[in-house]
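By letter and in written order, the chains are A, B, C, D, E and F; residue numbering begins at 1 in each of them.
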Amino acid sequence: MITDLPLEQLRTYRPEVAEPADFDEFWARTIAEARAAGGAAESVPADTPVTAVRVEDVTFPGFGGEPVRAWYLAPHADGPLPCVVEFIGYGGGRGLPHEHLAHAAAGYAHLVMDTRGQGSSWGTGGDTPDPHGAGPAFAGMMTRGIESPDTYYYRRLVTDAVRAVDHVLTRPEVDPTRVAVTGISQGGGLALAAGALHDQVAAVAADVPFLCHFERAVRITDARPYSEIAAYLSVRRNVAEQVFRTLSYVDGVSMARRITAPTMISVALMDAICPPSTVFAAANAMPTPPQVEVYHFNDHEGGAGEQVLRSLRWLGEVLG
Amino acid sequence: MITDLPLEQLRTYRPEVAEPADFDEFWARTIAEARAAGGAAESVPADTPVTAVRVEDVTFPGFGGEPVRAWYLAPHADGPLPCVVEFIGYGGGRGLPHEHLAHAAAGYAHLVMDTRGQGSSWGTGGDTPDPHGAGPAFAGMMTRGIESPDTYYYRRLVTDAVRAVDHVLTRPEVDPTRVAVTGISQGGGLALAAGALHDQVAAVAADVPFLCHFERAVRITDARPYSEIAAYLSVRRNVAEQVFRTLSYVDGVSMARRITAPTMISVALMDAICPPSTVFAAANAMPTPPQVEVYHFNDHEGGAGEQVLRSLRWLGEVLG
Amino acid sequence: MITDLPLEQLRTYRPEVAEPADFDEFWARTIAEARAAGGAAESVPADTPVTAVRVEDVTFPGFGGEPVRAWYLAPHADGPLPCVVEFIGYGGGRGLPHEHLAHAAAGYAHLVMDTRGQGSSWGTGGDTPDPHGAGPAFAGMMTRGIESPDTYYYRRLVTDAVRAVDHVLTRPEVDPTRVAVTGISQGGGLALAAGALHDQVAAVAADVPFLCHFERAVRITDARPYSEIAAYLSVRRNVAEQVFRTLSYVDGVSMARRITAPTMISVALMDAICPPSTVFAAANAMPTPPQVEVYHFNDHEGGAGEQVLRSLRWLGEVLG
Amino acid sequence: MITDLPLEQLRTYRPEVAEPADFDEFWARTIAEARAAGGAAESVPADTPVTAVRVEDVTFPGFGGEPVRAWYLAPHADGPLPCVVEFIGYGGGRGLPHEHLAHAAAGYAHLVMDTRGQGSSWGTGGDTPDPHGAGPAFAGMMTRGIESPDTYYYRRLVTDAVRAVDHVLTRPEVDPTRVAVTGISQGGGLALAAGALHDQVAAVAADVPFLCHFERAVRITDARPYSEIAAYLSVRRNVAEQVFRTLSYVDGVSMARRITAPTMISVALMDAICPPSTVFAAANAMPTPPQVEVYHFNDHEGGAGEQVLRSLRWLGEVLG
Amino acid sequence: MITDLPLEQLRTYRPEVAEPADFDEFWARTIAEARAAGGAAESVPADTPVTAVRVEDVTFPGFGGEPVRAWYLAPHADGPLPCVVEFIGYGGGRGLPHEHLAHAAAGYAHLVMDTRGQGSSWGTGGDTPDPHGAGPAFAGMMTRGIESPDTYYYRRLVTDAVRAVDHVLTRPEVDPTRVAVTGISQGGGLALAAGALHDQVAAVAADVPFLCHFERAVRITDARPYSEIAAYLSVRRNVAEQVFRTLSYVDGVSMARRITAPTMISVALMDAICPPSTVFAAANAMPTPPQVEVYHFNDHEGGAGEQVLRSLRWLGEVLG
Amino acid sequence: MITDLPLEQLRTYRPEVAEPADFDEFWARTIAEARAAGGAAESVPADTPVTAVRVEDVTFPGFGGEPVRAWYLAPHADGPLPCVVEFIGYGGGRGLPHEHLAHAAAGYAHLVMDTRGQGSSWGTGGDTPDPHGAGPAFAGMMTRGIESPDTYYYRRLVTDAVRAVDHVLTRPEVDPTRVAVTGISQGGGLALAAGALHDQVAAVAADVPFLCHFERAVRITDARPYSEIAAYLSVRRNVAEQVFRTLSYVDGVSMARRITAPTMISVALMDAICPPSTVFAAANAMPTPPQVEVYHFNDHEGGAGEQVLRSLRWLGEVLG
């Protein structure tokens, strides 16, 4: 069941993870272009039976100014409110508002960002298209545009995540000094990215994060979604170098090196989808050690509801 | 993928399902004994970060007066409130309060009953023991005590469900004329049972219900938990008649015949765990046809969050 | 192993398959627009060790005039040559020239069309992008743009197939009265489509064709790629009608109704991916009965090299 | 296929396995209480067509004096006879007498102990209930009562095993100086336990024993039954320490440290259910090295009939 | 789980099963040739710790006079003894003597015939070669020599079975009027064959017999060993007719038509390896209806030890 | 996914692989006997639609002079031609000529040797029997006659491969100084063997070769065909030493030590069937280091069409 290094080695696992020289420049340019692209945000009352918190159906401008959907849930209170921006796991979308009540019920403004082009694989789906074509790709999002960092799908999605933080900062009831980012799996990877690339993020809570240490992940797990990359390279046998170069722009290890906000990372030692060594590679790369919650006997479900609880309590301490 | 009859046949599928002559007497006696056993209910504030609704940690007396745990969530309002009593799927328990916010956030008092002896198979588990031994049983709860209706595990669990309804009726803020029961899978089977055996239930919403039409279910699916019964009979080759007699006391088809409250049943046509014919067998046995929500392309996850939405809207119409 | 109707029923299986009123108009418009979009074809000698036949690396204009790649192989002869246009199975691309020698070695000009956006799932892949984004889609190509016939991926791919026939007709050595279309699985579905939509196709050889009788296929197989559609509908629970309307524009049954050229169809009775009833539904819909080659004990691999042989011999008879 | 350490490392594998300070006291008290609980043994001729050996249907008092069933088979001879007490693998029961003829046919008195509460998972089952309830448990016996050594299922089953040895010592034809214990898998684990806890055991033959070195076993195999413990801990995320403390009272490594009788242990190097390192951990912990029979290419079936042969021959040498 | 027709249809299932015109002639000639081939039988004391019954290591002449191994076990008694000749399931061999004690312990002489060329797939194997080569065959014995009845493997094995009966009839202590044949799966198929082809067989007990109604079996199960035939035909696409002609010489349905001795057949309704319809096809073809033991919830393990018991009791009644 | 050592260790992996003292004498004698056995070769035009190259249906004498089938394809040219002798993967046969066009189309004479007794497991099969019986064997060819090097199946097949090279050397248009051997998997193992045992082989191209370093292979993979050997040894528990002695006569590592011709070996790092360490063990044993083509993300399909290309280009350089 343990599919990876033992815990004592994981605690100090710090592999070399290559980083392109223009990493910061790439993202600065990308985000600047997205902000410059404009696009208006819209927020209307959501059609939901939920009444104990307010719920809005949001559209905000993401990569290229393209519209991204979200739910916004918040206490019936005037603010200033601490705020949590949440990103979703691979294949899913923002779903329905009543599926996301915990944070608002605990007193937080809460933006649940939809995932462009995904949102049709599990749960109740999403509503945001990804209006970009791609070269020949393996089924799934992992290899769309992967032969160049400029065309890679995750360039767009990471930018959406940064722009989601921008969006909540425009809301008057949100306390701009108390904005956290969070998510599970792909959502956790995006939380690391937003924590690295947006300087107003005050806390990061990343659960069993995906998108970390690709060079190892692609080789040690045969589970999706990392395996989509291996599948692609098993057909396109001459482009591995180029592909890993692209991935180095979105690698959570490089993101982690840039995070200065307080961070909690949860990891599951029997995680076959996001192997623990890939998660520790990111955790151990942070300039300030994060709080790591270890689930010894869990696969990728990790801490589940228990981790929501620990995370809410930790956010309470960190954000005040 | 279709593992069962086509929809047009399901709509009118009314198999013969045997019912013991003393069915009503058996349950009347069982419930009367449980009520007579006494045992005090207790309700204390739950340890949770949730503030938008009130949350209580409940212990109420179930079968034999034995303590059963539950969460009680309700709007911060004086009442009278409509109330939903919810039962949990196989292997699970009441979990954590922040996992059950939708009903209270939509204005309902909401009791989430724990499941005795289960609660260690998925999610965040439960807290209620089942203090009864058993003869040689196949792994799981399905065959514990199955060679007699008196010792059968589900006699105890169904009684707990009925007593959970009793419990909410003791709460002053609950409107006793607007108490619904609901649940998914095993929880749906228990909702049918409580709807049949408790005369103050005003609405029943059973999603992809388990525990229906055992004679067919045990033969057409090799998925757990129905298959636990087949596995048991594959070893104990001479007790099938006795086992099916026991099961006839808890069969959802016989329960359905006795339900008079408005009922919504959801069913998934690709459900390999609770095959749709077993669900329609129950739905079609009701004296008044229930509203049936059909999910054509889903397995046992059924309508998931979408069905929560439909169910909440239907409860709003039915309970006012 | 038999996953479908018995052979004697398959022989006469003629289900009702809905067809939109504007089917012919839709395709006439689509193809006319593609032809009008222009775009130049290019053909250069391929980089390959093959010398016994000539091999060219082709780019021709497909849907929207967008560039589509292909290999062109032909005998070292002056012509006029009979010509076979071949389409590839799901997930694959045109691969490498030496993988496609049989037809040219048997005396045919042979165009192997690449598949836009696919070509990274098996074999040696492809080289043609699909420069169109999509709404939230399930992994794979089946559900990209599926909520409208205008945006659906297969509208583009079918148009590419028709334009590939256009392309070979521009080649002086190709005898324009002896152009056949062929393919396996998705390639077989495209062959049926090109045979229906292009009036200069003189023969159609479709092996274990995909893209036929979606309403049934999506319900009876849980194998990819049909299951991508079911997976999509299991999340997007309210759009089934719209999705099946889109699919009705590319259904091989409706294509088959329009094919007048001599046709050979091969089918495998243990095919779990393209169930035989879906293939017979198309075969039995043709105005003139096709020659049907039945492989009784094969799964989706069907006749494989044996069918190549039978097909080559049949083409020899049909095309002279 | 090798799922564990290589053989040369296994030969000297001696991990630290924690042992509670009151281990001996715990068992001394437990066994003393069982012996004090009384309960009469009963032995009647079995209903079987077997005539070449005598067969009796036995009930003897086990844990808490509770009745435990067994078969007693013996040569038609006066004695004194060497005797073998056998315990059964997980999920099974004593089955039918004609399934247990080898030992008696080879000259031994032979008691086949039933397994309380199991006996409905394979073969022809068993007849002994386990009249004790449990807290929320994962399906199977491994986690019943596991949060305390006092309530743990295996406390009861080990005690039954010790009491089975007590029982054969009451039989006049049994030579009390020549009583061996044996079993496969769970039966092997119980043989180690009885060999450790009963001072009149003269030989121990444990095949592919289960219940050894839990801390490692639970982490390196995802096969049942060890995985039941991991599954439990994946839901009850905060009780691992308590659970492993309970398990330390029944760990075969601690049992092995206490065995002084001659011992044969068989082990299979491709055993995915009871990994060889867990077996060698016990074998290498014995004060006197046991005879270890290694099956290099077997999974958990181990030596099967070949090992029965080797074991019978070894018993012949050891018991005279 | 039910993989076949419902029981009420099975009870009267009498499919047409083709029989070659020279079926009887073929077998008469084959057996006559084998008897004419001579070859001496040899029987020496077996090397085994078993003493309660006598055990001999036998070699007798089978097909072509080639040596076939067997174990002979019998009570220490003078006779005349009833005798059971047993054949082994697919892939197995005669194993070790202590694995076959039940019949001798119940008072029968018992010959356990080894299976030529098999005996290396499970258990403790066998000792009899099959000194015949074959054309290209799929892995396993099912397709060795299958393109002609003369070269087919099962021609040799069925002849061995008939010659095994011949062998026990040479033993003075065996009562020649009380010789039964029995076996499980392949052994059951051979028991039907020996019962049909040897006129001194006084009883047939065939459990979940294999080798029946090939035309159906090969199409409805994808489990080995029937699937070896489908696999062969999936590669050799043009020889199905020839293969099924060969199989018609060993089909248990044709054998059953010729059995006049009292017969017990056991069948498992969830048998995926030897589907119940293929077994009932044989049972229902007998001139005198056999006693059919139905195991409703078992897969191919069928009645296991319970069926041994029922079979021994039935033999007691039938053979006296 | 990486199921073996990391690449940097593979590059220098040189395990001890035992070699029998009479290895060279054994093969010298075996091949001499085969050559002495005589048997005429026959070559007739093949029945195929292929015209661009000539195709002949060949029968040549192999082991024991027994007839072995092959296809011979060659350019329509006078010669002298370089020639490639190809061997086929496990379970397959020579198939149909149009499946083997690449080499002849690139200018090589090409002999595709059929595989005795195989040729019914995939593709379009083969036509060569193996007229030798065997002792009890596990399904498949791996264990036929395995208890002695003299009777082992691969003794015969390796001899066929050497005799195939003899055959092409008899053809006048073949340049005897430019004969290469090649193959994939089993074919690669045979290419290594022919390269070692035939002194006129001028180049060896072995792709993902099978039959290398059995002692390790049998222990680290549970995939067929290596696992057939483990399965055999799991039943025949006392013959491992004898079996590995037999295998040492055909081990590709010992073959590699004897290859002096230029060699290309391809290996796939995620190959679960022929694990990369077993391939590198052979590659690293060669007296002159071969060219190794590494496919990092492929399973046993390895380089597929890409490797055909690399191999053809390399042959062009090596053979001129």
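To be clear about the criterion, contacts are C-beta pairs under 8 Å (C-beta built on N, C-alpha and C of every residue); 3 or more make two chains touch, one makes a residue touch a chain.
Owing to the predicted nature of the structure, the values given are computational and were not obtained by experimental measurement.
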Report summary line: Neighbours of subunit F that also touch subunit D are A, E
Report task. Note the shortest touch-path length, in steps, from subunit B to subunit D. Result -> 1
Query - Option reproducing the contacts of D-F, where over half of them reappear, out of A-F, B-D or C-F - result: A-F
Query raised in the report: More C-beta pairs touching across which pair, D-E or B-C?
Result: D-E
**Report entry** Rounded Å distance between subunit A and subunit D, as computed from the means of their C-alpha atoms
**Finding:** 50
Query - Between subunit A and subunit C, centroid-to-centroid distance (C-alpha), Å - result: 39
Query raised in the report: Which integer distance in Å separates the CA centroid of subunit B from that of subunit F?
Result: 63
**Report entry** Junction residues of subunit F - those touching two or more other chains
**Finding:** 123-124, 231, 237, 306
Requested in this report: Work through the pairs of chains, note which ones touch, and then classify the graph as line, ring, star, complete or other.
Outcome: other
Report task. Go ahead and list every pair of chains that touch. Result -> A-B, A-C, A-D, A-F, B-C, B-D, B-E, C-E, C-F, D-E, D-F, E-F
Report task. Could you pull out which subunit D residues touch subunit F in their complex? Result -> 1-2, 270, 295-299, 301, 303, 306
Query - Of subunit C, residues touching subunit F in the complex - result: 48-53, 75, 95-96, 98-99, 101-102, 104-107, 123-124, 304-306, 308-309, 312-313, 316
Query raised in the report: Can you list the residues on subunit B that touch subunit D in the complex?
Result: 91, 93, 117-141, 143, 231-232, 235-237
**Report entry** subunit F residues within the subunit D interface of the complex
**Finding:** 218-222, 227, 230-231, 233-234, 237-238, 240
